[in-house]
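For reference, the structure I am asking about is given below.
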Amino acid sequence: MRKKGKLSNKSADIQNKAVIHEQTKTTNSRKSFKLGYDFHTQMELKLMLLPSVILILVFSFIPLFGLIIAFKQYDPITGISGIFTSSWNNFRNFKIIFHSFDFVPMLINTLGINLLNNLVGVPVTLLFALLLNEVLNSRFKSFIQTVTYMPHFLSWVIYGGLFITLLSTDGGVVNTILMNLHLISKPIQFLIDPKYFWGIAVVTSLLKDLGWGAILYLSSMAGIDMELYEAATIDGAGRFKKMLYITIPGIKPTLMILIIFAVSGMLNNNFTQIYIFQNSLNLPASQVIDTYVYQIGLQQLQFGVATAVGLTKSVFGVLLLVGANYLSRKLTDSGLF
Amino acid sequence: MLKLKKIKMGELEMKCKSIIIFVVIATMLTTSGCGNSKKSQGTSSNASKSPVSTTWFSDVPFWNPPTTWSTDPSTVQGAITQKTGLKFTMNIPAQDADAKLSLLMVSGVLPDVITISDPVAIQKLEKSKKVWKLDDLLKKYDPKSHILTDFPADIKTALVNRDGAWYAWPSHIISKDSAKEYPVSDPYYSNVNNLGNNYGIMFNSKIMSQAGITLNDLKTEDGVLAAFKKVNSMNLKVNGTSVIPMLLDGLTYQNSSFLTLENFFGAMPVDASGNYRDLFMDPITKHSLSFLNTCINNNYVDPNQLTMDNDAVKSVIASGRVFSFIGNTADTFFDANIGHQDGWVSPGPVLSNKGTKPVLSVAQQAGTGWMQTFVSTSAKNPEKIAKWISYMSSVEGLKLTWYGFKGKDYTIDSKGLLIQTTAGLQNTKDYSKTGTGAYWPFANISFTDHVIPAPTKENAPGLLESTTVITALGLSKDTVVYDSSLLTLPNNYIDSNSDIGLIQTEIKNYKLAQIAKVVMAKNDSSFNSLYNDMIKKLKDLGQDKVDSKINDQVQKNYKTYNSTLKAVNP
Amino acid sequence: MNESKSLGDKVFNITNVLIMLILMFLTLYPFWFSIVNSLNDGTDLIRGYCFFWPRQFTLASWRTVLADPSIMNAAWITASRTLIVTVVSIFNTAMFSYAFSRPYLKHKKFYSVLGFVSMYFSGGLIPVFMLFKWLGLYDNYLVYIIPSLFAGFFNVIIFNANFKAIPDSLFESAKTDGANEFTIFFRIVLPLSKPVLAALSVFVAVGIWNDYGTTLFFTQSNFLDTLQYFTLKLVLSSQAADHLKNVALQTSPELASLLSKSAGSGPVTSRTIELASMVLASLPMIIIYPFAQKFFVKGVMIGSIKG
């Protein structure tokens, strides 16, 4: 950092030299400009940061004192002071989650469904965005975007309920078509056989949020310099080459960010979706942590346990985030920031 | 280039500025509007003429009385206001109401009147000591109240046993003592109240006649199985789709269809010596499971039924292709306009081919109702509220709130019974707008059974049909009725957070998946081994600990009520 | 060579269009299904869903939803809240992100920690509730606005990635021209970030539009109900009959007759109300989306590097 040197008040020469030095520095610098470390700029930046910092401190940090509840035997009757005066309960709130004899299968389902969702969802959404980008007619493109984004607004009760009707063995459309095409002789028990559950969860999730998930990719693609495409055309590159060498690298920052966050969210399932498709027969494949917590009657009255579950997930989320970010930097030189 | 950009920026800046201005104005308008309406909601407590605003909270999200309170005296609400000087602001959260109540507790500000149904919330509210004991409230502020003399003593005892003192006004009052005060207008009601049970089996008489099956054929297990076989072999169709021999209650089959079978085959939650042990541990359970298993393996029940939600069940019933349904018959809505034309009948119990007697559990001691209404100690108008409670539970108040206005909504016939007019019936149907029949917390079943005549084939054919079905099990001479009140546990007897509570949760989850496996077993040997494994695992999980804890309370109940339960089929 | 390119191109284009058409069918159909069934007679619907066209067309359910007098107020609350929060929070968060993205910002680690902790850790319902009470936000319109004015650190990360992609030369020349940070932000960064601003605005707007948790826990007056909360209540009360039968006193003829009265007898049932309100509540967001899409247009950066 170049300090504003103490100028000897002797000769204008030296002053001139300083000015020239500064000018040359400006024209010469390429990577980062040293301007900005000065007080004024820092104050301006701080001003820009200020409103959000206040909001975060007030609305996200102050409430953190409530995390203590996870470690205590807290009863809402005791009011706010009760948070501090209730007794410590020896991690009992945490043990409840791990207590189930079924904990390992639950964990496997939770992670498995999420992993599958990401492994399938991210590339497919990306592919969809890429193909959409290639649509020539802009009106049609806009129409496709709107239509594919519509299912996002349907509730899982309705959306899932529709699929359950379609997949039924008793006259459901899917089975009827497959049988008429002679691909199967007996209806497939989609909703009964545990082995189909993960697939159903992933496919329905994908279809519902395809258009929604593509939004960020599309907006990133819009920011890629057209000249790169023009140059590539001149070099004789076809569409696939352009996609591979310009578009994908161009949205790499956004892509990696989304992947990192997907990894860090591995313990969180879409509760409503799983709950809708879950029944006593597919339970070995459909019981996840979120539905288990719901079923053991942990409505919010059990604040201690609910907070404990939330805290555990947060900690794991952060660890996964850090890990994923590290890997991303190592492998693709791009990370969260 | 930068200049060009600067011109475009000018436009953008203008847009930004105009948006910001709009935003600021909008915020000002809305917050000022908010401020205004808040002021207008203020209460004026000096003028006794203007009604006092009282908050009424409930945790029953689907309770839907009219949201805005009308003070027009020609409406039910207005009439209430006229008599009591109170008007109510309803606060019924759409979801997680008990969490909301907890939050209000934490903040120290409770609503004036609180109507809740969740047992844990009830317990917390009572422990908080922030609600009035109703005796104290009435003695202090309405010492002449009819309640102090005519409130059913047995219900009061039950409430005090449950809560330690009389804190809550129970909804849907019905008991021996209340029936003494308001005797039923017709034996129809006492049958339904004392012997009615929604869990049962019903058969479609149209398909029965098509297949040449009579009700007599369906009284035994073997008879029923033979009927299913016959229906299947005849390949009957309704509207082109094949007939379903037996329909289970969809996703809830383990709670309703299965429990119905347990009743038919005589399983009980006590053993031969009267000690409590979980119903599932009764050896007869194996027979109930085996019946289901047989039905699935013989194609009488399609396994897909186990995944159906209630809408799907209703729709299948409505299609007319169901030969029999077993489970919670109310789940099928068969008494509504759709479906009852099929002529549903019930043989009552289906007698086990092992000769065990069917049972039916009926709560013979006074119950504590469904919704519990409390008055907060911080309510500002305890006197008015006390008088309001007295009014809502009085004959005059009950008539108004359940039937409306004499002449307009109902007339009195020669026997002194209340007959609703067409307008009155419509008002009751639209209760969430008119308020007639909307105030469930004060429902008094004995009262309404007393003032209204029994339904007839002309005015309520569906209801009569459903009543015949739901009383079939209780009225059958083979059925042994036992008192389920002897098995009631105090509120939150086992805290779900306690060790025993955790075991219970484990067991519940284990059963959910395992019962499914057992009923889907492909042959006898795998059925047997799965069943045996299940029993063993339940013991390993700690079923015995849970049973013994509950048994402690059951033995106490025996002493309290001076009565014992013993297994009917040891 | 040109011919084979255009043949390959043609095949690609046609295949692409076909794929898009299939996808559109798969995604449009469930919405169409919901509309069709919401326009069907409720009692008839008990027999089973309609798959392509209503069997018994009726506008009764839509009318029931729209005729409720509280819906206008709920719509106004939701619309105003969505607009204000989207505009202000996106602007505020973009500004924060801009500062955060400057490599010469001191103490960046502090802001990162602040951001990540706020993203992942929450004290839960009770402390937030108490905080709102202390601040006077409980049961106040402002509870919909003030806490949401920072759009979340996830958006900061996205903005950050976009701002970092803007070439340094632009900043340099601006600084040389004597611009301060605010000027750079307004005149250079924002205009060049239209796509990401539009995308994140959509996310924020939809999130706020669909939110009902704030209403549920942090308000109690009816006039503060949002559209989603209002429709939730509407659906729940129409499902009253469905729930009543699960209540312990099932045998009571009271409840039985209440059931048959409020249950599916007539053109409007709980299922059609659920469908109608879901469709109606989502329409505004669907209609607005094409306007945001205009910003996903390629070529924002044209010529910005030249000169």
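As written, the chains take the letters A, B and C, and residue 1 is the first residue of each chain.
The criterion applied here is as follows: a contact is a pair of C-beta atoms (placed from the backbone, for glycine too) under 8 Å apart; a residue touches a chain by one contact, two chains touch by 3 or more.
Not measured: the values here are computed from a predicted model.
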Innermost chain, taking as reference the mean of every protein Cα atom displayed: C
Pair exhibiting more inter-chain C-beta contacts, A-B or A-C: A-C
Mean-CA-position distance for chain C and chain B (Å): 35
Chain centre separation in whole Å, for chain B relative to chain A (CA means): 41
Centre distance in Å when chain A and chain C are each reduced to the mean of their C-alpha atoms: 16
For chain B, residues contacting two or more additional chains: 96, 99, 102-103, 106-107, 311
Per-residue overlap in chain A, given as positions that touch at least 2 other chains: 76, 80, 165, 300, 303
Two or more partner chains touched - positions in chain C: 125-126, 130
Partner chain C, residues of chain B touching it in the complex: 1-2, 5-6, 8-9, 12-13, 16, 19-20, 23, 26-27, 30-31, 34, 37-38, 41, 61-64, 67-68, 91-96, 99-100, 102-103, 106-107, 117, 172, 174, 189, 192-193, 196-198, 310-311, 314-315, 318-319, 328, 330-331, 333, 335-338, 367, 369-370, 428-429, 431-432, 437, 443, 445, 448-449, 455, 460, 462-463, 466-467, 470
Contacting residues of chain C [partner chain B, same complex]: 43, 46-48, 70, 80, 83-84, 87-88, 125-126, 129-130, 133, 140-142, 145, 173, 177, 186-188, 190-191, 212, 216-217, 220-224, 229, 232-233, 236-237, 239-240, 242-245, 247-265, 271, 303, 306-307
Complex interface listing, chain A residues touching chain B: 75-77, 79-80, 82, 92, 96, 99-102, 161, 164-165, 168-171, 189, 191-192, 279-284, 287, 292, 295-297, 299-303, 305
In the complex, chain C residues that touch chain A: 5, 8-9, 12-13, 16-17, 19-20, 23-24, 26-28, 30-31, 33-34, 49, 51, 92-93, 95-96, 98-106, 111-112, 114-118, 120-128, 130-131, 135, 146-147, 149-150, 154, 157-158, 160-162, 164-165, 168, 171-172, 175-176, 180-182, 185, 193, 195-196, 198-199, 202-203, 206, 210, 274-275, 278, 281-282, 285-286, 289-290, 293, 295-302, 305
Chain B residues within the chain A interface of the complex: 96, 98-99, 102-103, 105-108, 118, 120-121, 124, 127-128, 241, 251, 253-254, 302-304, 306-307, 309, 311-312, 496-497, 502, 505-506, 508-510, 512-513, 515-516, 520, 541
